[in-house]
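Mind looking over this structure? Questions follow.
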């Protein structure tokens, strides 16, 4: 037994598992309290109070929500493809959670699961996998509204994946690395968002982030006004809960990436290294507030307008931005 | 551990590939193909080709297969009908040919089986192989690289033209846009290389 | 801690996947599934490329994988556009029912 | 965004009278009977069904009348009286600020009126509603089906011989011959709902 | 693909069903199907006295009960040849204009919600709530008012109501600004409404559209101006119109109407104040109108009148009358045929939503699914009124 424990492989796996568990739990906590925050903030924006019945200030609302979802009747429509119907909600959550494995929350090793040298690519890969949940959920429900929602989202996500990827490239050019830790280190003195092309890239990234996470004003796949609830029309109980969780986990993971890429990650003044992660979470909170704020302010775009925005505005802008950044970086390297 | 992972990924790959061609439902086929691609990405990771692995997921799983699914759903395909003598004959012939091919491969390898070089000299071990690939791609393979981008452009234009096509009054926008999306999905390659 | 997989195993795996792809093209009549089988074959090739690249300690193999991927992307974009068009015209995507040249 | 000019004129009976005179001038061969009565508050002209479309087209197009809008169409059942039904058309002229009511008398045996959907497209639903309630057929109507009542309703509810109340609510199970929404609904098994005890 | 939108659908505003033939997301043909809420009000009215039909009308357009009451009462008054006293008319104007504000608030909130802007919904309902409280104070009911009577009102307005109305009317323009700040210049709102669901003036007239739908298409026809009732000619207000007849114009017209309604309500409050906080609220012609309660308790004659009217109803002359008012949704008219008995021989309701809904296919054919929502929203329909 002792020998087994001293095997470095085993120890590595053990510690990695512990870190994964801790970070996963922490992020799930953040997710559920983001739902609470969203309802509370929305309430105050809309001249009402929001949840205030469960616990002090309604703080136990997320627990009550989840408990309610667990006890709801689970409904599987006739003619649904059962296996895929079950798998889809899981697919909604998993990619978003995987992204957390490469996010550096603080300068210490203990505050990240791993430092992957293609960390940014992993994020892009996971966000492109995320579309499956919605497409399959929509298709397997055997419902026209859900199918339309699924079709919409597949087109929408492919279209917005591109500007998103392209808006990351200026950061890669400036940092010279795909590792998120490296990228944060490069921003110790000057956040990338403070450069003109960094700012533009950040703006594009945030817009595409809204689209990738299906948040208003780009929540077309689930536009409740025309498609009832889009891809999750037929979902109930915890399966619906998983979609819900997936959306919020996505919002948080994408905000984590935005903080890392553009806002300097854990970098910030005053605090000692041990508490630098506070900066990370402050920035994260600011971005999350942005997401909520936008959602309760803007109406929804129409499908064709969304496509036009992606292909005719964001994509050329992002391409031009890459070009300009490349020239600047090259010119600087020349001295 | 590597061996165990290899065995797992290889089994997954072969199993999923088989399901791709065996399953009657095109959606299921596509999903198994996605899984096959993901296990391929795992194999690439085992081969220390991280960049290729990620691009595999982004391009194949994230773009190409979504496009496949989009088309399958758009055409609203159900289970395939595979009946009739002609179909049965062709299936038999296909399987026999396939087994022959496999047998041939086995025969070819038999007696020449060598494990090959076990451990290769380390390639760019520090910063991952992204930078190294970029170096190679933009120096030695610059010309083919440019040709590829032209190919993508041609494919994009072609897809848009075909999809707009002669279709009697059908809306051409959606599939065209997606085809174009797919053609462009390879764009991150440029980026990664430049780093 | 990490051991490398012998090259021959990778190649054998690649060959198996390739054969599966071939059988798929021969057996199925759904144009989309045939397309997927072709993707399988391309990927079998990719696997061999990467395996060789590792074994020979050269990156050329991985670079080739990119070119294959680009070709695959281009092929899928055009191919699916054609399939959609054919479906609109003929209401079928079974290859044995599509005889465009016969009209 | 403009603000409308003050109206040229308020809606008045004088304008309707002018329109009625023009109508009489244009159709000297038709006798237009004015609806008379103790309390008939709107100018109402009874027109023959055979000339209805012609008259309506004139009223719509003539620059002196220009009844561009048809406010509504409705039926009236005057049961003991013959002819039993009346179809009322209320016209509105925006340019001349006039309201005019036309009436067509309809016999029970031959409850037919030519449609005016060709003159005012808005007549479509109004005529369907009148058909729905009174069973008056509008010849040439593009889609003369029940509009407010279910397609398989039997009878004409606003006729005076159709009683009100004390009727059982019609469901598929208590109405023999009531058509099911889809013919093969009975063949379907009950919807499969999987219940799970948590 | 044929998509069956409704009758259970979040954005068809009730039980409207629209059968859409789609090509992708483009609409080839659209057919509205109605009747799911049919309650046979016209038939029922033939078995009730005129007064007994008033509560029925609350259920028609349940967002503007006062306007419905008013239309019925005015039609009956026209049939009888009587007119309510001036003070009652002013109170009617005040309450119907408040009704218009609240109906437009509900419309704006739900329309914005359909297009995805949820916050406006809550703001609008906050204001609507105030109007409902005013109803509550006036007649004890929040939605089904049944407050107007043939010949006047059911009772005088309670003390303190005018102050309350004054406060509301003073605040309202600021709230309208609030809505406009959220929407009027919002690029997404503009993209979703400008040029969407257009209706030319010619089509609007030919299809019989009235109210804000007609005015949004640029035809400045308002019955309050063109066929004044309740002494509307004495009030100063403008009739806002649009230019392009798209969803945005209809939105603008309604938001401006909210402001104009506050203007009218201001004047009405001043008028009522000038005529005294308490006073004539009903005709004293006891052939048609119930005498006031205090008279019933003190005068034998009044008691007999009260008994006659409550037991039988009033006896109108033989004849027929149609009277229309400018309800929040358009021309709402009642047509009565009387055979001299206390019950109408025939009651016909000309409901604006029913006619306005007919313009839907013209607006959306050849456009996208999402535009159906905008179009239905911008029409401002209430199914209770369409199906009656």
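Order of writing sets the labels: A, B, C, D and E. Residues in every chain begin at 1.
By definition in this document, contacts are C-beta pairs under 8 Å (C-beta built on N, C-alpha and C of every residue); 3 or more make two chains touch, one makes a residue touch a chain.
All of these numbers come straight from a predicted model, not from anything done at the bench.
Taking the mean of each chain's C-alpha atoms, the chain whose centre lies closest to the overall C-alpha mean is A. Counting C-beta pairs in contact, the chain pair with the largest number is B-C.
Inter-chain spacing, taken between the CA centroids of subunit C and subunit E, is 65 Å. The distance from the centre of subunit A to the centre of subunit E, each centre being the mean of the chain's C-alpha atoms, comes to 46 Å. In whole angstrom, the spacing between the mean C-alpha positions of subunit A and subunit C is 32. Computed centre separation for the pair subunit D/subunit E is 22 angstrom, with centres defined by C-alpha atoms.
The set of subunit D residues touching two or more other chains is empty. Residues of subunit A in contact with at least two other chains: 9, 304. Shared interface positions of subunit C, i.e. residues touching 2 or more other chains, are given as 1.
Of all residues in subunit D, those touching subunit E in their complex are 1-7, 10-11, 35, 37-42, 44, 68-72, 74, 76-78, 88, 90, 94, 97, 99, 101, 120-122, 124-126, 133, 146-150, 157-158, 164-165. Within the complex formed with subunit D, the residues of subunit E that make contact are 34-35, 38, 40, 42-44, 46-47, 78-81, 205-208, 215, 218-222, 225-228, 233, 238-243, 249, 252-253, 256, 316-322, 324, 331, 333, 335, 337-338, 345-346, 348, 350, 354-355, 358, 387-388.
Every residue of subunit A that touches subunit B in the complex is listed here, in rising order: 9, 81, 84, 116-118, 121-122, 124-125, 127-129, 131-132, 135-136, 139, 147, 150-151, 154-155, 157-159, 161-162, 165-166, 168-169, 172-173, 176-179, 304, 307, 311, 322, 326.
If you check the complex, the residues on subunit B that touch subunit C are 1-3, 6, 10, 13-14, 17-18, 20-21, 26, 29-30, 33, 36-37, 40, 43-44, 46-49, 51-52, 55-56, 59-60, 63-64, 67-68, 71-72, 74-75, 77, 80, 82, 86-87, 90-91, 93-95, 97-98, 101-102, 105, 109, 113-123, 129, 132-133, 136-137, 140-141, 144, 148, 151-152, 154-156, 158-160, 162-163, 165-167, 170, 175-176, 179-180, 182-183, 185-186, 189. Subunit B meets subunit A in the complex at residues 1, 25, 27-28, 31, 34, 50-51, 53-55, 57-58, 61-63, 66-67, 69-70, 73-74, 127-128, 130, 173-174, 177-178, 180-182, 184-185, 187-188, 191-192, 194-195.
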